[in-house]
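Two complexes follow with chain A in common, the first pairing it with chain B and the second with chain C.
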Partner chain A sequence: MKFWGVRLASILGAVAFCFLLEGVAQGQSSFVQRLFVLAGLYVTLAVSLNLINGITGQFSIGHAAFYQVGAYTAGFCASRFFAQLNLPPAAWLLLMMITSAITAGLAGLLVGLPSLRLKGDYLAIVTLGFGEIIRIFAQNQEALGGAYGLTVAPKIQYVWAAWLLAILCIAVCRNLLRTAHGLPFLAVREDEIASSAMGVNVTQTKVVAFVLGSMFAGAAGAILAHFESFVSPPMFTMDVSFTIVTMVVLGGTGSITGSVLAAILLFYLPEKMRDFTNIPLSGVAAAFVAISAAVFAIRWVMQNFHGSAKDRAIRYLGIVVGALVIWFISKALLGNVPSLKENIDGSKLRMVVFSITLVVLMLLRPQGMLGHHEFSWDWVRSKFGKPTVKEATA
Partner chain B sequence: MSLLQLDQATIKFGGLIAVNSVSFELKKGDLFGLIGPNGAGKTTCFNLITGVYKPTSGKITFDGKEIGGTPANKIANLGIARTFQNIRLFKSLSVLENVVVGGFLRHKTPLISALAYLPNVIKETQSLKAEAMELLKIVNLDKVADVRSADLSYGMQRRLEIARAMATQPKLLLLDEPAAGMNPQEKEELNAMVKHIRDEVGLTVLLIEHDMRFVMSLCERIVVLDAGKEIAAGPPDAIRSDPKVIAAYLGEAV
Partner chain C sequence: MTVLPDLLAGLEFSTLPQQLVNGILLGAIYALIALGYTMVYGVLKLINFAHGEVFMLGAYTALFTSWSFGFTQAGSRQDSSPGILIAMLIVSMTVCGFVGVLIERFAYRPMRSQPRIASLITAIGISLLLQYGGQLFLPSSPPPSISDKVNPFKGNIEIPLKPADSALLAQAEQLKAKVTSTKAAYDEQLKSEKDSFNLSPVGKGLRTASQDAERDYRNAIDKANKDALVITLPQGQVIMLVTTVVLMIILTWLVMKTTAGRAMRAASLDFDAASLMGINVNTVIAFTFFIGSALAGAGAMMNASFLGGTKIDTFFGMLPGVKAFVAAVLGGIGNIPGAVLGGILMGLAETMVIWAGYGNYKDAIAFIVLIVVLLVKPGGLLGSNKVEKV
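The block that comes next holds the complex of A and B.
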């Protein structure tokens, strides 16, 4: 009984969170609302790709294709059946999410069955190719609007739907990893030959992960189609696939919380940068100097310092403070250089900052922000050299 | 009654005949050794039995069923478990999780209820973990159950592989060089452990080993392979004095 009580409470909590977000977003501009929805969709995409790439270890770089299959399914159905069925928008959206999940899942099965016998780079190429095939197929189909795209009839802009899907996706992945059923997926990632010797059906496990991941991407596509009220092939280029892969890798492959964190960060960062319109060039140059110095210093500590985790954390903190000092000094110095005196439009540097962030993170933490770990306070404590709860009680 | 029977089992890789019409038979409760110099085809023989390779010709019968060419995961379900010569643990998983993977083939609950985290799945997970913990006690690894398996010492990793294989609850256990890289004391413990597995747990054991003293003291019957061919078979004493075996290991007398 207690179990179902907890379950009910967590479901209610999730729903309440979604409607709280909806409430917050209502007061904002349509631009901010759009950010809320897209952030939710990217969380879903990253976490569902993490199931394929991180947990099962099958490197797929065509996730946008399943997103597109979902979006087009919703778009196509809306133009044919919405008027006849006469459903309320929320019910229609849920119906479309399920339909799109099914079609995207079928697409995943179609690609997965033959290609998941391949490994590593070969699989990556096949998924990449599939992504392009789907996009170009849609581009050349009259019924799907061709290159012009498809107008999706009812515009349904619910923030809660996107985040409910994201939470569902997170919950499903987390449940999988909490039970014994998740272990074969991890085992396949670690060693296929040993897995099959332990009775794990390797191909079936991979296909299940692939289909499940595709289904969530498809459902996300349905929300996108109705939110934008429009779908077209350029919305699903390779860039989108790569952004999702980047989120998974940056968060730490296999870590659900890492994917969530990276999805929000990587999505938020370029959008936030739009606000920085007038910044002095000397400041940018100084930041470059400071960041380079910090990266070198941190790498030096990582490789040459062998003290306790606490001493290490103190050194990192020192380096960050030092970098800030360097930034101030070099900004003052560089301010006197005539060619650096003008102001530039910072928003144009969005993609530069994005890529530099990636380079820096990969240099300092190639295993991703959270590595293979999940976020927990215990984990944070262990990073700062404090004993974990387990050690403390022992 | 025979549990495993190889009848003229042969596999060719292009022009190379790795295993050349090898025949032997294991009875229930046997402690059987497979030895031979490097490259003799011992591990290939294991790979034939466990479905990694499909035999080019010949028959492999397990428990009355022909199993030549059956996929590895189905063979594990039929009741053959193995360890690997070059340790193949699930490195980033914990010691306990490694063993649970072995026991997972007996799961009853569907995946969908795991995704919903229903009580029957939680119960099943707990019982699989409890079973795994019992096995870890047998191989004396219960104290390190939460450690990442890659962080274990070499000897411990070998023992964990045995526990993982036993978790599938097999009828036949294949051990591929279980004593490799172990010190004399660890070998002593392994010897006792394998005997325990056969006598108390009641498994039939087939093992490949290079350490002659270890094999001779442990196994009751031995087959010797050389260059893919079976050159001798019999109890340890007969093997020890067999001129063909001595020739295969030390070279012919000039």
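The block that comes next holds the complex of A and C.
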């Protein structure tokens, strides 16, 4: 009874959260509403890619392709069938999410079946390649609007839809990991050969993860298409794929909580940076210098210092202060270089920040922010000095 | 099944030899880049994602070198000499070599003890950093290009494969006499005309006759040349091909005959055993990165100066990089002759796609080839098919 009570409360809570967000967004400008929806979509994309990359351990870097398949499916269907069916917008959007999920899932099956025989870096390149092929194909199809793209007829802008999908995606991934159906995914990630010896159908597991991840990306695409009421090939370039990969890697490959946090953080940060319009180039160059110096100093401490945690923290603090000093000095020095006297827009720094995040993360904390850890109420309880469920039952 | 005949009917076979030659020229550049991928993979088992960006930096270095010689966009300098080209080549190769070594030292070496996927993510990060970070500091909009005045070899070499029909050519020559005579008559009439824009009826008749004769002559010449096959090779591109071959010969000598090359081959065969045998593997890896990146620099310099004023931006290396990577996989990654073979095949594949009228898909072909190779023969054409064991 308690089991179903918790379930019901969670579902009601999730739905309530979505409509709360909708309510908050209603009063805001269209720009803020856009942020709300896109953040939800990126959470979906990051968590669904995490299912493939982190949980099953198949490093895919072409997730934008399935996002695109979903968006184009919705766009294509809307232009042909929306007027005939005469459905209310919410029902139509739901129908499109399901349709797009199915086509994206089929695309995932098509890509996954042959390429999941490959490993590691080869798989990465092939998924990247498939992403590009799908984009170039759409760009050259007159029926799909070619390079101009498709106009999607009904503009449906529901904040709740994006977040409901995100929560559904999180719930599916979380519950998968909690049940016996999810164990093969983890087994495949840890050791393919050992898990196949234990009777896990490795290929099937990988393909299921791939198709499931693609389906969520496809459904996200349907929401995007109806939100922007426009889809075009440049919306789904490699940049989008790399953005999603950065979110998964930053959050911690395998941690759903990590992916959610990283998706929101990495989506919000560049949007915030747009507000800064006059960033001196010398400051950016100085930041490169300071960050590299700090990263290698921290690495040195990590490897060569074996004192107490407190002494270690003091050294890290010293490095951060030192990096700031280096930044100030080199900014003053570089300010004299004529070619660095320009000012640039914060929006140009988006991908630069992502790439630095990737490299710095790999150098300092390759497992990502949270590693394999997840958020849990037990953890919250333990922070308040109460025993965790395990301790209480033991 | 009418697709195949339709496809064949759309093909223009008379341009095929020229396209094949173009493909080989393009393939030579891909081969130079592919060598860098294959050498690094051979030693470290790492796909150096940032290799395309080293290629891009090579093109920028060549651009800046040409500017320092006075070939700026304003175009103040007109004359060039082979010495300037050689200087650009050497500067590009050296700068790229050191960039490659720096990337290895600060990004890849710390990752060596980590799982391979961590190195891959670092490589992607470095690649994105050079693309987007470079965009802030390097001139990129409007994309500059190396002035074509820097290339002193302007002429074309024409290789006739099949001469024009001599009988038709002779007929055309006969028509030429008529062209001269009618033109002379018209010129003569023109002298006596008062207003050259408002001719008398006699003048108009002579003008029409002259124009008709000219047109007949052109038609006859075109008809005679219709079956002729001539391959046109710009001299600069021939020099590019020769330089590529020379660089490859030097590379072969370096790898097969020198001590450093032997150390490289040993590290490629068995990394740990090589270090136990007293080989300094860090030096060997740095050396490998230097050579591979220098070759990419040479390819970039020649691509940017000889292949017709290519625009340079920070994404200049992305597609050549991907195509060269595919070339390396196609030839068998880790295999040096394989990279050259793969590069040339990739160049040919690309020009063939353009020739067949699918120019829009010329960037997709690389990925299609990659997927087919990895599924059919993952070891590549010249590589071995190893199965991973427990």
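The rule we apply is simple: the second predicted complex is superposed on the first by the 284 of 394 C-alpha atoms of A that agree within 3 Å, B and C clash if a C-alpha of one lies under 4 Å from a C-alpha of the other, contacts with A are read in each partner's own complex, and residues count from 1 in each chain.
FYI, a contact is a pair of C-beta atoms (placed from the backbone, for glycine too) under 8 Å apart; a residue touches a chain by one contact, two chains touch by 3 or more.
Note that the structure is a prediction, hence the values are computed from the model and not measured.
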- request: Return first, second, both or neither, reflecting whether A:S214 touches chain B, chain C, both chains, or no partner chain.
  value: neither
- request: Check whether A:T44 is in contact with chain B, with chain C, with both or with neither, and answer first, second, both or neither.
  value: neither
Task: Kindly classify A:N201 by the partners it touches after superposition: chain B alone (first), chain C alone (second), both, or neither?
output: first
Message: Going by the contact rule set out at the top, does A:S255 touch chain B (first), chain C (second), both, or neither?
response: neither
Message: With both complexes overlaid on chain A, does A:G120 touch chain B (first), chain C (second), both or neither?
response: second
Task: Considering only touches as defined above, state whether A:F3 meets chain B (first), chain C (second), both or neither.
output: first
Task: Identify the partner contact of A:N175: answer first if only chain B is touched, second if only chain C is, both if each is, neither if none is.
output: first
Query: Thinking of the overlay built on chain A, is A:T99 touched by chain B (first), by chain C (second), by both, or by neither?
result: neither
Task: Name the contact category of A:S330: first (chain B only), second (chain C only), both, or neither.
output: neither
Field: chain A residues touched by each partner, larger count belonging to chain B or chain C
entry: C
Message: Residues of chain A that sit at the chain B interface in one complex and at the chain C interface in the other, please.
response: 193
Chain C contact footprint on chain A (complex, rising order): 59, 61, 114-115, 117-122, 124-126, 128-130, 132-133, 136-137, 139-140, 193, 242, 245, 249, 281, 284-285, 288, 292, 296, 299, 339-340, 344, 348-352, 354-359, 362-363, 366
Message: Which residues of chain B touch chain A once you look at their complex with the stated criterion?
response: 50-52, 71-73, 76-77, 81-82, 84, 88-93, 97, 100-105, 107, 109, 111, 114-117, 119, 121-122, 124-125, 128-129, 164-165, 167-168
Residue ranges of chain C touching chain A (in the complex, touch as defined): 46-47, 106-107, 110-111, 114-118, 120-122, 124-129, 131-133, 135-137, 322, 325, 360-361, 363-364, 366-368, 370-371, 374-375, 378, 388, 390
Message: Applying the document's contact rule, which stretches of chain A touch chain B when the two form their complex?
response: 3, 172, 175-176, 178-184, 186-187, 190-191, 193-202, 208, 372
